[in-house]
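Below, subunit A partners subunit B and then partners subunit C, in two separate complexes.
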Partner chain A sequence: MQLTIKYFGMLAEATSVNEEEVQTEVCSVSQLVKKLKHQHPKLSDKNFKIAVDQKLVDQNYMIDSKAEIALLPPFAGG
Partner chain B sequence: MNFNPRYHRQVILPEIGTSGQEKLNAAKVLVIGAGGLGCPVLQYLTAAGIGTIGIIDFDTVDISNLHRQILYGNSALGMNKALAAKHRLEDLNPDITINAYPEKLTTKNAVSLFSEYDIIVDGTDNFSTRYLVNDACVIAKKPLVYGAIFKFEGQVAVFNYQEGPTYRCLFPEPPKAGSVPSCSEIGVLGVLPGIIGSMQANETLKIILHLGNILNGILFTYDCLTAQSSSFSIPRVESEVSKAIANAKNFETIDYDVFCGISKISEINARDAFEMNNILFIDVREPHEQPKIDNLNPDYVPLGQLQQYINKIDKKQKIVVFCQSGIRSKKAVEKLLEQEFEHVSHVKGGAMALYEFQTIKEV
Partner chain C sequence: MEKKKPKNVFVQGAISSEFIGNSIAKHQTKTSIGAHNIFLGQVRADEIDGNRIVAIDYTAYEDMANQKFYDIREATFEKFDLTCMHIYHSLGKVNAGEICLFVFVSSPRRKIVFEALEYVVEAIKADVPVFGKELFEDQTHQWKQNS
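Our next item is the complex of A and B:
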């Protein structure tokens, strides 16, 4: 299945893309994160939350169909 | 309520009317930080006639703030931000009460201060204060209007409102210290905090007026380069909410800098080490490690033997510790601080950095 991955904030800088398409089998969020970190080593030391189709989910959430995935880092600036 | 032409343009909106204006006038809002986000928040809330506004900020106005912190001009340079903001806002609207707190928000003052207000608006610029604000909002049972920025992107959300999620439900763990650069380190487009702060002001007004759809448990993100925005729903995570509640018991003693991994260990530069007097230098490396820094005449005490050694040292003695690169020396400082030594620091970069300056001095 095809996933659209969107990177926010410093994650877009770390991956050098704002958005990309990724092909994957049914997987958990943590498996997907592992795959993305392998693809973009600079993500490894970054902190972020994952949203699947605009809903924040935890590491165990199963992604089983075409979806839009967002990687959301915390911002501190004010 | 007497007719006040100041609010005419919003009172004629049927959604607000005189009853809405009365709600605004009765409301009490505390804004944490009068910086990039705080300035537009304060400006719009003051103009809208929020009856009581609190501003807490310990910082002073710097010229590098002026491109985005729109309440200040050259005449405010060097002034405390809470006081400078109050001064400007009293001219904007003299009919409301503005309380300035020119101090740092801490675990000692947060809960009692929050208790005096209905809504808390977060315009801070660091993670430790953000977690402190979140937990104090949970403890004091106050809604939190959150905003944060990074370069060209911003986030807005409302937390701890009507049993909704908290900031910890969104970001349970603070990022590693230093891993997320601040505006002062990486820069920010001046208009971005203007947009995000205005959205925070808007959410605050909607909460008071019971208008529209509040970003309750919704993370709104905005990218000012692409003009794209997104909204993400944040589920409430009870285990995260209870972490904040659990902190209520000993809240005043919690160190949020430590929680966020920010070191309190004082550091000195290698160059300065050679200029210091009446200092006991301790080299905590193993005996075989080179180069030795003989110019400092240190005591040689490998980290593993530190405990026996420090029993003999006066706790008022000024001590500077170093190791090879500055990692073991931090551990040594922590150990000394635990045992109530009063003046302890370590050398940034350790013997490697010291050696460079020792050689320069010899030449």
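Our next item is the complex of A and C:
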């Protein structure tokens, strides 16, 4: 399945991409994060939350269909 | 809850005092209101190791952020007896001293607006995916983080 990965703020800066497509089998969020960190080593020391289709999820959440995944660094609104 | 496309809360650049003034003026026809309360977030020129912040460049996960603003709005109306409520947040560059967040709540009575405003502002700070790049006078930058 194909996932759209979006990077924001310091994470977009670290990876030098705002958005990319990734092909993967069904996987947990932590497995996906591991894969992304392998692809972008600069993500390794960063702190971020994951949203799947605009909802925050935890590390164990299973991604089982085409989705938009966002890596969100600490919020700074206001 | 019924799902509808949330309204866009974001404005490009700083929020002007004219815009805020006009927003207040528009409420003069709503005569059931007895109390307004307004929060204005202003970009602070913090100095870190002798290096001063001159602006914040805001970005956001806009679709999710607008949905979060909508959820906060719904939760606030459920919790407090408000007549109306408006939220505006900047995107892009906002200079030190300029306004980047404008929250406006109105109610027949005063006590509610004090509580409601704090609730809304704290929820925005904690839950909305907005990111801030703090630009220093020497052209370097760091990433803002809400505490």
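Assume the second predicted complex is superposed on the first by the 74 of 78 C-alpha atoms of A that agree within 3 Å, B and C clash if a C-alpha of one lies under 4 Å from a C-alpha of the other, contacts with A are read in each partner's own complex, and residues count from 1 in each chain.
Keep in mind that, in the parts below, a contact is a pair of C-beta atoms (placed from the backbone, for glycine too) under 8 Å apart; a residue touches a chain by one contact, two chains touch by 3 or more.
Computed from a prediction, not measured in an experiment: that's the story for all the values here.
K.L.:
Tell me which partner A:Pro73 touches in the superposition: subunit B (first), subunit C (second), both or neither.
P.N.:
both
K.L.:
Hey, is it subunit B or subunit C that touches more of subunit A?
P.N.:
Ranking subunit B and subunit C by residues of subunit A touched puts B first.
K.L.:
Now for A:Gly9: first (subunit B), second (subunit C), both, or neither, which partner does it touch?
P.N.:
Touch partners of A:Gly9: subunit B and subunit C.
K.L.:
So, does A:Lys35 touch the first partner subunit B, the second partner subunit C, both, or neither?
P.N.:
Touch partners of A:Lys35: none, neither subunit B nor subunit C.
K.L.:
Between subunit B and subunit C, whom does A:Lys46 touch in the aligned arrangement: first, second, both, or neither?
P.N.:
first
K.L.:
Per the definitions at the top, what is the overlap between the subunit A residues touching subunit B and those touching subunit C?
P.N.:
Correct list for subunit A: 6, 8-10, 51, 54, 70, 72-78.
K.L.:
Can you tell me which positions in subunit B touch subunit A when the two form their complex?
P.N.:
Residue positions touching the partner: 33, 35-38, 122-127, 130, 147-151, 153-155, 170-171, 173-176, 179-183, 188, 193, 219, 221, 226, 230-235.
K.L.:
Using the touch definition up top, name the residues of subunit A that touch subunit B in the complex.
P.N.:
6, 8-10, 18, 45-47, 49, 51, 54-56, 70, 72-78
K.L.:
What residues on subunit C touch subunit A, complex-wise?
P.N.:
Contact set of subunit C toward subunit A: 41, 56, 58-61, 63-65, 67, 89, 100-101, 121, 124-133, 143-146.
K.L.:
Inside the complex, what are the residues of subunit A that reach subunit C?
P.N.:
Within the complex, subunit A contacts subunit C at residues 6, 8-10, 51, 54, 70, 72-78.
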